[in-house]
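Below are two complexes that have chain A in common, paired first with chain B and then with chain C.
So, the complex of A and B:
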């Protein structure tokens, strides 16, 4: 498996990757509390972006409702914990199951009836909005008043119940991100991965070659929703509060997809680099604006919008493809880079 | 007695639905011709709403009169935006266009927040509390004027596309871009024209809807979603579909507000969307998907 993982990656790329990983593992030794929360946020978006990238970047189906899977994962794990005292590690498989079930429903409805492109995107938004308003009226899950996990002052890290210091959450999300990265890397080179890319480039042609497009598009949405659910469980236990207005808000879905789009859709490193750039940028702007006493609400997001505008205009394929050329990581054939 | 309530609410929903229809018409024209989905549609509408509020508050100008200048202003803005900003993105993948317009939407919604603040703003006309009684039916005068105004603007647009040579050229361009190029139409200019017309609809709809709805910055994203629901229900790219979809959604929202709670009304709009996508993905008036 290791061999399959590394067989065509240039040596200096491995060194670079190892260096970044060591840096990330060592980061809590140097980072203060604020920087650590920013890093957690970055890794959270790197992870969810990676999950989204499977559906859009690999299989070419634009989902604008990934907050649904995050939200379902979060609510299921939180409800089990709050109402029955069932810990997150038992809740996790249940959360994944429910998230996958919702992904299966959406995928089945959409792909059976040939719903694609913009229509598919709107369908995913619709389901997410549906969940948002529905959860608003579900009293058992706190309704619009929100659901809260019991918080007490933990000096000891309780990994089993996920109660503890930010450092624990940092390593947890780092582990998730690394696992997601490796999984995506393996999938891209698997049979399924090549089928996905064929579907992404030209669905008609893929079908005429005998690829069961419905089955593989379903596989993509199932894997993607399954991978997104753990991020929800993490979200619930890290933030300890859940509001439908926040969790299923359309902006949550958009935040998830910004990383991979800025970094490079369909690439392995895109979601990670994009998450670093966009979250880092956003936090830096916040700091800068507070520094100059310019604290008008909305100012940060206007700059955010302008930066986004500039990035999409200047870098049509995202940051990773030109960066990869710069670092001479343009290994092997062009399997992971999406050509416009 | 109870039947009257339903009828009154239905008429109110229908009239609001006409304004929704005009808003969605703008989205439909843009998508039908330029093939770009305007993800900043509702946000642009709130700008028109704020303009109407300012003009009314400072100069006492009635939004129904200001509809025309605001629409013209939006036309010019849309024309320039298509030429400068969106044209380079036409050949790029869908998600890039989405991010571009999303960036525009983020800038608008937060720009509006900075300039006007988070509080709801409203227009109080002299006829705000008038109503007409037609038998047992009581029609709110404001809603009636607003609905009729929306209908007039929509009809003008229909007439333009049906009879004016320029309108026919735009339709030709929407039907077959290569063909339009071959017969010597300036496609780039026609795209800009279409985007301008789409935004003119939004401008007019925004000026009209302040009569019925208070404006706040978060209304933008909500209206963007609503416009999507409407055009997909009616048929993306179909002009009559947008109006029909608008009325349908307006009616649904009004009825859901009556039978359930008003806070759950958009859930029913989304339920309709899901049903349409399942059983008639091309929308009520749309052509069969290829």
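So, the complex of A and C:
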């Protein structure tokens, strides 16, 4: 297991990775509440970006509706908690199941009938919009008035019910992000990962090599939607309020994909680096502007735009690939010459 | 010799155009079988029918004794037919090694094992030294050989080659001919190829089938076929006499 995980990772990459991880684990010791909140947001986008990256970065299917899986995960776990007192850890599998079911429907409709490219993207937007409008009219889930989780001042961290301090949420999302990272690394280095990449590169050529493309594309959307749902559960219990207009808003889906695009679509580190750059820098910018007395509410959006523009123009493959070359973090492979 | 591939009375039309009309032939086990003919004769359509890209309108295709017409391309490949594309389709942002490894993963689900298998194939196709390059950065001759390597990595019993010599210089053509001869001779691989380069066909093929306007007009040993008046008239040109 460990051997498979590390068989082609350069040694100094492991050290670097370990260092980053230690830094992240130690961060709450040094960070104030505000910084911790920003770090939670960064890790949240690193996690959701990683989940989205499976479908687009690995398998080449552009989803612009990943807010659907976040929203479904959030609403399912929240509803179970509010109406039946069922805790998030029991709600989590249910949330994943429902999210996966919706992913299966979208995937089947698209991949069975050859919907691909921008048309697939439009289909994913459409389903997210269905949810937004539908949930607006679901009184049981609070409708457009929103759904609220009971909040009280917790001094004690209750991990079982996810009630407590930001530090608890920080470690939770850090754990999720690490798990997602390891899972994606494993998948990318396994048969399914290679087959996904083949489909991404050229579906017809992939088929000619014996790859059942429908099955593997379905696998991609199922895994991606399953991985996105826990982010929704986290979202619900962290923010304690859910509004269809916000949860399923297309901008939520766009925010998810900005990280991986800026960091590098299809790479393992892309979503993480991208989340740090886009969320970290935009929050820093906001802080800086406030510090100097500028009241510019749209600055973050402008910053997103500039970031995208610069990356698309200067680094069309994202930040990670050139950075990896710079740090010589490419794959380590057997370099011994083979005798004929 | 027993027939590995048996094509019987196969036809395929595209909205009125009869691309392949009632074609029958059988490819013996271990042979190097060439399909030649002028542009638009239906060669690539015939290939796509065998590879499962299209289902024939009528007729049957049997491989190793079992019907394969109507199967999907991936199912056909799993039965043991590998193919290349006339316009090469490498996975451009992956390395040469990964391209071939993806083919090898069909029969070896464990990546390190598939990688070893890919290295064997790369070695045979003279691509081992270029294994770390991105496939999109290769020259055309290398890409053509990569195309063959990738198909070969699926461990086919029959290899379909769609104009792998097209666009190659004579020395590159000879190199490819050598490789294919070796695969056929030492590996016992049956090869069915579409080819325009007569120099390659004459030195490679044990059987030749000539298509014209979707129909088979001649079949036999290469020396006999090139003397056939119908073939000279429709394809080779009278100056070939």
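Everything below uses one rule, namely that the second predicted complex is superposed on the first by the 327 of 340 C-alpha atoms of A that agree within 3 Å, B and C clash if a C-alpha of one lies under 4 Å from a C-alpha of the other, contacts with A are read in each partner's own complex, and residues count from 1 in each chain.
Here is the rule we go by: contacts are C-beta pairs under 8 Å (C-beta built on N, C-alpha and C of every residue); 3 or more make two chains touch, one makes a residue touch a chain.
On a predicted model such as this, the values are computed, not experimentally measured, just so you know.
> For A:204, select first, second, both or neither according to whether it touches chain B, chain C, the two together, or no partner.
In the superposition, A:204 touches chain C alone.
> Applying the touch criterion given at the start, work out whether A:213 contacts chain B, chain C, both or neither, answering first, second, both or neither.
Only chain C is touched by A:213; chain B is not.
> With both complexes overlaid on chain A, does A:45 touch chain B (first), chain C (second), both or neither?
neither
> If we overlay the two complexes on their shared chain A, which of chain B and chain C does A:189 touch? Say first, second, both or neither.
Once the two structures are laid over each other on A, A:189 reaches chain C alone.
> Which partner reaches more residues of chain A, chain B or chain C?
After superposing on chain A, more of chain A is contacted by B.
> Please identify the positions on chain A that touch both chain B and chain C, taking each partner from its own complex.
The overlap between the chain B and chain C interfaces on chain A comprises residues 340.
> What part of chain C is in contact with chain A in the complex they form?
Going by the criterion above, the answer is residues 51, 53, 72-74, 77-78, 82-83, 85, 89-94, 97-98, 101-103, 105-106, 109-112, 114, 119, 123, 128, 132, 150-151, 153-154.
> Which stretch or stretches of chain B touch chain A in the complex?
My answer: residues 37, 88, 91-96, 98-100, 102-107, 109-111, 113-114, 118, 217, 221, 225, 228-229, 232, 236, 261, 263-264, 266-267, 270-271, 273-274, 277-279, 281, 289.
> Considering only the defined contacts, which chain A positions touch chain C in the complex?
For chain A paired with chain C, touching residues are 7, 189-191, 194-195, 197-198, 201-202, 204-213, 333, 338, 340.
> Would you pull the chain A residues touching chain B in the complex into a rising list?
Those residues of chain A that touch chain B are 56, 62, 64, 109-110, 113-115, 117-119, 121-123, 125-127, 129-130, 133-134, 136-137, 250-251, 254, 257-258, 261, 265, 296-299, 301-302, 304-306, 308-309, 312-313, 316, 340.
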